[in-house]
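Take a look at these structures.
What follows is chain A paired twice: with chain B in the first complex and chain C in the second.
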Partner chain A sequence: MAQKREEKILSVTNLQVSFGGIRALDGVDFSILEGSISALIGPNGAGKTTVFNCLTGFYRPSGGSINFKNSQGHSLNLAALFGSLPFSWNRDQLSTYFKYLPNKFFGGTHLVTRAGIGRTFQNIRLFKELSVTENLLIAMHRDFRGTLIKGLFFPKIYQQNEKKQLSKAKYWLERVGLLSLANERAGDLPYGLQRKLEIARTMCVNPRLICLDEPAAGLNPAETEELSSLILSLKEIDKVTVLLIEHDMSLVMNICEQIVVLNYGQVIAKGTPEEIKNNPKVISAYLGTENV
Partner chain B sequence: MSHIPFKKCVKDFLATFLLACAIFYPLMGFVLNGFELEIKPYRPLVPALSMAVIRTFFLYGLQPFLQNQWQKSGAQRVEKKEKTALLAIVILIATICFTLMVPFLFSNYWLNVGILCLIYILLALGLNIVVGYAGLLDLGFVGFYAVGAYTFGILSSYTGLGFWSVLPLAALVAAGFGILLGFPVLRMHGDYLAIVTLGFGEIIRLILNNWTELTGGPNGMRIPPLTFFGIEFTRRSKYGGPLFHELFSLEYSSATRFQLLYLVILAFTCLVAYISWRLPKIAIGRSLLALREDEIACRSLGINHVGTKLMAFASGASIAGVAGVFFGAQQRFINPTSFTFFESALILAIVVLGGLGSTVGVIIAAVVMTALPELLRDFSEYRVLLFGLLMVIMMIAKPQGLVRQKYSQYTFE
Partner chain C sequence: MNAFDLYIIGQQLINGLVLGATYGLIAIGYSMVYGIIGMINFAHGEIYMVSAYVTALVIALIAYFGGLPVGAAIMIALLFTMLITAILGWLIERVAYRPLKNSFRLAPLISAIGVSLILQNFIQLAQGARNQAMPTLLEGVLRIGGEEQFMQISYHQLLILVAALVSMLSLNTLIGKTKFGRSCRATQQDPVMAEILGINTQKVISLVFVIGAVFAAIAGTFVTMNYGSFDFYIGFVTGIKAFTAAVLGGIGSLPGAMLGGLLVGIAESFFSGFVNTDYKDVFAFGILVLILIIKPSGLLGHPEVEKV
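Entry: the complex of A and B
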């Protein structure tokens, strides 16, 4: 048991991203243990969201690699999913190369999610015009497949599938306390509940690593309290590894086991909350250098 | 107690209809013409259907309203939802009956207007999948309509294929063109997408106009007359084969061809309408809605946005392609002037007026927008003016369109 917790689910090595002249990420290295809660912190514009966008396939890094341990326990290079691995005559790599080659042109973001990395967004991205339940059902589109003909012409059979989907939706609605609002328009929910709904929606795609981008932004202290217990329950009940970006330091210090600090696209510190709290580099990054 | 017995409703309807047929056939089905006894198979259908509709309506349609009266004193109130569901069923049955009777009640002229209505319903439902569900603004939709019609024209004149074999082929070819358009616009949204699709529609029209050797250019193409699996509808046989009216011992009428065409299109329209109504309730359709709402969130949930977009384009296009074949079969002549940008704009106007994403609204709007100009033939010069006025008024009074798209409600016990 103890040994299992030592396994890395994600390792990022020498990650580099540049936008034109700006080097948003400049050699980022860190890894995350399976089943842990980790945080990525840093001042505004440090490149935290950019890391998330690389992890979930929205940006293609210009250098470095991201390895994710998939559900079979194999290490998966995310670049392979996008067909951007270099060509080689190695037989195993050749088949992966050709399998994912089309994604080089058409994008393979969805494959990252299917491999087990889910995410939420800094500015909430719910399907605003749809109902709360539908938001969850959309996330479950892969749970019961092969349903086009059944769905169109055999509604009775389809409804049995849907029952399973609905029971899962109900489970998550209860977890985040939205059951009584199940048929509301998602855009009409108060901000705090929208954040929770987004987390529930991401959990519906069965991720093994969930990346939360500033989940507590805009929440009041009571809501933040509920949020932190929700995040802890994700780890305890659902056995999901959590990686979060957060500016609320008390939340980070309370629930995280490991913290990675970014500044100007570089990792300036890694370690436990205690270590980070007392790290002079981190203090100067947040407060500016002290002139004594 | 107030639950609507839908099955019983249908059963009663059918029973009444059959009984009425049994009564009316001997009474009205035969006409003595001189010394000949003529069989008129359609005549009794009208009173029989009306009887069935009226009886079902009085048996079930009024029930909830009456009950509501009786039960006012505190007892269980009839739920509003059930009442509207029942009303919807009654209206649906009445509409189906009416549309089924159209070819046998009206003149050839109105029959053709009916066919045109159905074609526009098809087009609007196809565009509704692309614009209403997937949120991809397509201003060149008429291109696929043209592809369908010209597939019919080209295949029939170069390979001799008939209506029935062209039908699935045209759907496939149009779907192929849909995918062809889909690829370059995968990363486009909003205005950019609109401009590119507009260009696509124009390119298709210009190709048809200028590729004279293949398409006949502005002179257009002739489409062979519709046959019933090789059986002709003409008065006299051209190739010596059997004739439709002889085979079914009917009197020859020039309308028979259109009656059959109407029924075929009606069947197809019903199928498409059903699919379009059902789509947002199943996983694939929901992915379309999600794509419309937020593409980035879609991708983050593992939805293949490329495949979903292409599917939307392809399915919309194939419906338009089939509509094109129907158009060809009705007109028996096609040329590029039938496929101008005005048509695209008209179809889009129908979808917007009906309410983006609402199947029922789109159907109603299509009927109104196609039948209205026919009713106002005398003012045909002011047609576009009227459309514009209608659009302005609608957008002020009901910006969501005639019928606002409603999403399924879920109950958790």
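Entry: the complex of A and C
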């Protein structure tokens, strides 16, 4: 068990992203251990969200690779999954290229859930017009796909599926304490509860890695406290690996085991909270330096 | 008001309802596509036109080989037309919309107009420019009233009303109750987030085009059987009317599309019955202008909220 903990679930090697002449990410290297809580921090514009966008297939890296360990324990190149693997004559890459060739035509960002990655955004992106429960049901789409045609002929299977989905939704609503608001319109919830609902919705895609982009933004101290216990419970109960971008340093220092610091698209430090706290490079990146 | 007038009013109402139901069925396609990608499918009227030709062909084939009761013939024609137009709807999305997804907003509209012209001209070349005729399949009318004063509804018209009602109700269930409907609504609100949660939005968009096309086919089949005459150009005027109906009811809203269709149909039939046949289109569009001045988002549409 202890050994399994040491396995890397995500390894990013030499990741490069450029927009025109600007290098948003310039050789980013880091890896995350399975079952850990890690944070990606850095000043504004350091490229944190760009890393997330590469993980979820919005950006196509101009170099480097992201490898993700899937549920069977195989290492999976995410670019291949999204169908954006560049063609090359390298023999190893060529076989992956042809294996994932269908994804070039039928692939897309929706395949992140197949890999087992869930994600939230900086701003709240709930489906405001839908009810709280429906928001969760949408996240279970992949688990219960292909039921429309089946449901036409075997209504019973369809109903059973609906029931399963509803009970799963209920479970998550209970976990985040929203059960009494299950039928409200999601857009009518107060801000703090919307944040919680978003995390619950992300968990409904059965992820093994969840990427939270500033989950504590706009929350008051009490709500932040609840959030950190929620994130810890995700790790303890659901055995999910958590990667978060956060500016609230007390939250980061309290719950994270590993911190990666980015600045100007490069990793300037990585390590435990203690190491990061005392790292002169990090301090200078955050506070600025006198001429060295 | 004497009974004679009432019967005439009733008759115009029936005509208007039937006309409106077909507009509504076509308007559904405009409204759904607009709801999900925020663009108008200008080739939609042509789907309706093609469905008229397919229906006539199937009926002609069935008549040639013979041996089928009328009800079965109608069902087969309907199902086959739905199948062909479904493929056509999928093709339009695949050819005219998907490759231009990331280009500027007007580009897909222009390519859709291109598809519309291609379809029109193809049918004109393949089937001839003249009016085509189709024999009446269901003889007979339902009469309400006495010997001299009555209103009547033919079995064909009745069929249109029933078909519109059934398909509207099933669409409502599909969108409101099923998993596919949920993913439609999610894609409509935030396609990026829907993708992250594992919904294949591309597939949803394709299916929406297909559903719109199938609804246009339902209208096309029954209207062709009712009127018995069509040409390669019917898609244009009917498409514009249905588009008007969709805007009138609030584009993006499905009950709105049906309501708008009924309103345009009834307005048209009353105006041509009591005032003037030549200016019926002017009247229908006049109502559109009036309602858009008073309520720019349409009757049942939500006003556009600026996203912060």
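To be clear about the criterion, the second predicted complex is superposed on the first by the 260 of 292 C-alpha atoms of A that agree within 3 Å, B and C clash if a C-alpha of one lies under 4 Å from a C-alpha of the other, contacts with A are read in each partner's own complex, and residues count from 1 in each chain.
Here is the rule we go by: contacts are C-beta pairs under 8 Å (C-beta built on N, C-alpha and C of every residue); 3 or more make two chains touch, one makes a residue touch a chain.
Fair warning: this is a prediction, and the values are worked out from it, not measured in the lab.
Asks: With the two structures overlaid on chain A, would chain B and chain C clash, or do they fit side by side?
Replies: clash
Asks: Thinking of the overlay built on chain A, is A:Leu179 touched by chain B (first), by chain C (second), by both, or by neither?
Replies: first
Asks: Can A:Pro155 be said to touch chain B (first), chain C (second), both, or neither?
Replies: Touch status of A:Pro155: first partner only.
Asks: Figure out whether A:Arg201 sits in contact with chain B (first) or chain C (second), or with both, or with neither.
Replies: both
Asks: With the two complexes superposed on chain A, say which partner A:Phe144 touches: chain B (first), chain C (second), both, or neither.
Replies: both
Asks: Look at A:Asn67 in the shared chain and tell me whether it touches chain B only, chain C only, both, or neither; answer first, second, both or neither.
Replies: So A:Asn67 meets neither chain B nor chain C here.
Asks: Tell me which partner touches more residues of chain A in the superposed arrangement, chain B or chain C.
Replies: Ranking chain B and chain C by residues of chain A touched puts B first.
Asks: A:Ser228 in the overlay: touching chain B, chain C, both, or neither? Say first, second, both or neither.
Replies: A:Ser228 contacts neither chain B nor chain C.
Asks: Figure out whether A:Ser131 sits in contact with chain B (first) or chain C (second), or with both, or with neither.
Replies: A:Ser131 contacts chain B only, not chain C.
Asks: Considering only the touch criterion stated at the top, classify A:Lys170 as touching first (chain B), second (chain C), both, or neither.
Replies: So A:Lys170 only meets chain B here.
Asks: According to the stated criteria, A:His110 is in contact with first (chain B), second (chain C), both, or neither; which is it?
Replies: A:His110: touches chain B and chain C.
Asks: Residue overlap on chain A between the chain B contact set and the chain C contact set?
Replies: On chain A, the residues that contact chain B in one structure and chain C in the other are 56, 58, 109-110, 113-114, 118-119, 121, 125, 127-130, 134, 137-139, 141-142, 144, 147-148, 151, 201, 205.
Asks: Which positions of chain B touch chain A when the two form their complex?
Replies: 186, 274-275, 278-279, 281-284, 286-287, 289-290, 293-294, 296-306, 407-410, 412
Asks: Which positions of chain C touch chain A when the two form their complex?
Replies: Those residues of chain C that touch chain A are 178-180, 182-183, 185-186, 189-190, 192-202.
Asks: Which part of chain A faces chain B closely enough to touch in the complex?
Replies: Contacts found on chain A: 56-58, 106-107, 109-111, 113-114, 118-119, 121, 125-131, 133-134, 137-142, 144-145, 147-148, 151-152, 155, 158, 166, 169-170, 173, 179, 182-183, 201-202, 205.
Asks: For a test of understanding, state which residues of chain A touch chain C in their complex under the given definition.
Replies: 56, 58, 108-110, 112-114, 118-119, 121, 125, 127-130, 134, 137-139, 141-142, 144, 147-148, 151, 201, 204-205
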